[in-house]
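In the two complexes below, subunit A is the common chain; its partner is subunit B in one and subunit C in the other.
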Partner chain A sequence: MRHAGFTWHDGALLAQGLGVSLGLFAGTFLIGLILGSGAAVVRHFRVPALGTLLHTGLELLRNSPVLVQLFLVFFGVPALIHQPLTPVFAAGLTLSANTAAFVYFIAVAGLDAVGRDQVEAARAFGLSRIQLVRHILGPQALTFAVAPLVGLAVNQLQVTSLVSVIGVVDLTKAGDILNLRTLRPFAVWAMVGVLYFAAAKTLTLLGNRWERRLRAHAAPLGL
Partner chain B sequence: MPFDLTVLTPHLDTLLAGALLTAGVCALGIAAAFALATALGVLAVGGGWAGRLARLYVDVFRNVPFVVQVFFLFYGLPEVGVYIDAFWTGVLALGLVGGAYGSDVVRSGILAIEPGVVEAAKVGGLSRPAIIRRIVLPIALRTAIRPLGSVFVNLVLSSSILSMITLDEVTGTARGVASETYRPFEVYAFLLAAYAGLTYAVSLGIDALHRRLNRHMADNGAARGAAPGAMEGTA
Partner chain C sequence: MIAVEGVVKRFGAHTVLGGVSLTVAPGEVVTILGSSGSGKSTLIRCINGLETLDGGRVTVDGLDVADPRQLAQARRLSATVFQLFNLYPHMTVLRNITLAPELVLRRPKNEVEAQARALLASVGLAGKADSYPGQLSGGQRQRVGICRALAMNPRYLLLDEVTSALDPEMTAEVLAILARLATQGTTMLFVTHEVEFARRISTRIVFLDQGRLIVDLPTDQFFAADGGLAHPRIRQFLSKMAPSSTVAGAPVSEILA
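Coming up: the complex of A and B.
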């Protein structure tokens, strides 16, 4: 006998899928954030060759479909190095690099928005480059970049839905599995959509709260 | 196996056929997205239930992954008796999501118009539709062309996802070529570069269009948002 109806176990399956999606998002976003802002700092100090190389590579990543990037890493790279990659590793690698590309362009804009005179003043006081980034450039660039970063985070959460193609059992794959058993695609995809929507909305809310906190010191005092 | 792009030469015509299908679905999708973005952008500025409904629409389509939307349209709708083939599902999905992202751009373009311009039109006795058509939209769309362009570039990238609903556009044909040649790295690397080249060409075209439409402006319309556009994506 085929069990075609929805059961309580399906809830667990969807919850597990959502957990994988959120975990993958959190991990790759964090790595992308570190790599992307690192590349932006390299670019900012005009490190010869390395800066241009990073810029070209990240521009290529930003201007190509994530799906093709996933295929290249999961199917292409193993064919080249004769070494299979696990789906989760390939997904993590691709999404981290993709996030880094978008973070890089946001961080470059943020760093450029900090006034030149401040950098010159810091140099005059004898601050090293590391101190300059940590105390002068970083905090201010972050204030400029926080709004686009929140938008990017919501976007990258949705991009994780693509990893189902290479066999990672995330929320979309869980919906796919559920759909195959119940044959009720209308209800299943609506449910999956609602779950993604709720997750994205929560993320936006948290991001906005963080943004308000970062900007609190810059807000006009209402004189 | 060393990296060798020449393995692709026998399959170039297959890939080209896929690329043409991508171009077709994207052109129709972008046209639909532009129309929807303009209409929604105008509605979202206003108050009342129409404005609230337009903002809700944008909220839903921006916060649900594109794959899930596509699956819903392609697999979900037949359950309630609506059948659309893969190509038109693709056009519809690109239009719906592009309209949502684009309407935000159009909306901020409208909000950036100086109120005095609209007030002058009102005093001049123009009706509301005439003000929107002859005053508001020409100004708003002119400033919105660059961010709209990056929304459309992202639609082209998102169209690769349509290969998941059996549409044999360029990513779909590339999958076929990869499994036929056993050279997935070459195939996908070539495809990645092709997409990047295409989107780069499109953004150059948009820059030229932007300059042409704003040629009478003192600063050539140089004033534009610093970061937005960079992360306006659809996935």
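Coming up: the complex of A and C.
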């Protein structure tokens, strides 16, 4: 049985897979960032029922495997609503919610780290809650949260590889296809690994630069 | 007018304010004296809405601070200077001062900035507009805290032990500014341990003891032997806090003797 060698098409396949992985990561991380920090603000202001509900839900998401969540959404939900979900939609939904859970706990810690005294000053001066978040809590919480967020981003980028099992043609799935065709697993998976590494390393470097910039402004905070 | 009527505040089983009544009319400088834990700071916090009341009523120019909407209005009328300055550490000195006037009073940015710079110059901090609070000394920070309050053009200035965290030299810096404000007719409610200073600038002095207001007198009567000093609790307090304070030219310690 003969197998084909590598062709230029394989490069295109990997590049396409990488694009899907990066796109999925960027989209779900952004949504997770918004939802997670939103939930943290709700908790911070002790909104009665909603705060507890969100906390419980996100606690469940943080403490269960992403693969299980993915199966639950892709196989479980369609069985419940009698409506199939596309792999990309299920992947996007799961990763967004999972990211939100981790962002939530980072953001809660960041908000709690901002001194109560300043919050009281801002309230006594008549700032609304939205103004308080935007001008006092947000910027400082972000300074506290940036390092863990960069770490989370690098991790979530790699977690996207799980979506290959439900049929999303991401970088891992592209590698899988290539491997089946060429039967040269070492070369293929080394290449896929290097591409993930390059993406993660770039993300880390960008994140560190962002962190340095934030910290330069926050130097007087004594961080 | 700030009107405090029978205010009760409890923290758990502990009653911090047990029915305190007090008024501050425009133009007055009212000092609250009392030992630590007597409820002085809590009283200020009940006026600016940082504590919820367990009883009684606080109004600022008729606005009830227990009502969220009226509280928002009331907070535009008074401004607080805090014991630990409570500046925003991530903002420049200038931004610390201009934030609330811009966001809350919706005044134009250039007008507020001009006022902020003038205020900073008036307290000897003209060169510090672009510094961060962390780069200033305690006395400088508190002067910024005063500018931040004054930039609100408040009808009432609430001062919560504003010199307690400062060394004597820095205390003098801050008190000099407050004395000037007092002579300019700024209405102030002043919680302090600086008895001598309070005596110089106050129109009235009230004395809080264990959450109860036991004396509310014009300043000269407060320090008169048949006025505030007739109270054993106040004599005791003054002999500890201001052993050198004078009554009619004679040190309080001599009168107390």
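What we mean here is this: the second predicted complex is superposed on the first by the 216 of 223 C-alpha atoms of A that agree within 3 Å, B and C clash if a C-alpha of one lies under 4 Å from a C-alpha of the other, contacts with A are read in each partner's own complex, and residues count from 1 in each chain.
Here is the rule we go by: contacts are C-beta pairs under 8 Å (C-beta built on N, C-alpha and C of every residue); 3 or more make two chains touch, one makes a residue touch a chain.
Predicted, not measured: the structure shown is a model, and the values here were computed from it.
Trainee: Give one word, clash or fit, describing how subunit B and subunit C relate on subunit A after superposing.
Mentor: fit
Trainee: Using the superposition described at the top, determine whether subunit B or subunit C touches more residues of subunit A.
Mentor: Answer, by number of touched residues of subunit A: B.
Trainee: Have a look at where A:Val192 lands relative to subunit B and subunit C in the superposition and call it first, second, both or neither.
Mentor: Only subunit B; A:Val192 stays clear of subunit C.
Trainee: Go through the superposed model and pick first if A:Leu30 touches only subunit B, second if only subunit C, both, or neither.
Mentor: It touches nothing on subunit B or subunit C.
Trainee: I'd like to know which partner A:Asn155 touches here: subunit B for first, subunit C for second, both or neither.
Mentor: Only subunit B; A:Asn155 stays clear of subunit C.
Trainee: Applying the document's definition of touch, where does A:Ala200 land relative to subunit B and subunit C: first, second, both, or neither?
Mentor: Once the two structures are laid over each other on A, A:Ala200 reaches subunit B alone.
Trainee: After superposition on the shared chain, which partner residues are touched by A:Thr172: those of subunit B (first), subunit C (second), both, or neither?
Mentor: After superposing on A, A:Thr172 lies in contact with subunit B but is clear of subunit C.
Trainee: Using centres of C-alpha atoms, tell me the angle at subunit A that subunit B and subunit C span after the overlay, to the nearest 10°.
Mentor: After fitting both complexes on chain A, the angle is 100 degrees.
Trainee: Figure out whether A:Phe125 sits in contact with subunit B (first) or subunit C (second), or with both, or with neither.
Mentor: Once the two structures are laid over each other on A, A:Phe125 reaches subunit C alone.
Trainee: After the superposition on A, what does A:Gln69 contact: first (subunit B), second (subunit C), both or neither?
Mentor: In the superposed model, A:Gln69 contacts subunit B only, not subunit C.
Trainee: After superposing the two complexes on chain A, what is the shortest C-alpha distance between subunit B and subunit C, in Å?
Mentor: 20
Trainee: Spell out the part of subunit B that touches subunit A in their complex, as residue ranges.
Mentor: Contact set of subunit B toward subunit A: 1, 3, 60, 62-69, 71-72, 75-80, 153, 157-161, 163-164, 171, 174-175, 178, 182-189, 191-193, 195-196, 199-200, 226-228, 230-233, 235.
Trainee: So in the complex, the part of subunit A that touches subunit C is made up of which residues?
Mentor: For subunit A paired with subunit C, touching residues are 115, 117-118, 120-128, 131, 135-136, 139-140, 143, 217-222.
Trainee: If you look only at subunit A, which of its residues touch subunit B in the complex?
Mentor: Residues 59-60, 63-69, 71-72, 75-77, 79-80, 102, 105-106, 109-110, 112-113, 144-145, 147-148, 151-152, 154-155, 158-159, 161-162, 164-165, 172, 175, 179, 184-186, 188-190, 192-193, 196-197, 200-201, 204 of subunit A touch subunit B in their complex.
Trainee: Enumerate the contact residues on subunit C facing subunit A in the complex.
Mentor: 48-50, 72, 75-76, 79-80, 82, 84, 86-90, 99-100, 103-104, 132-135, 148, 152
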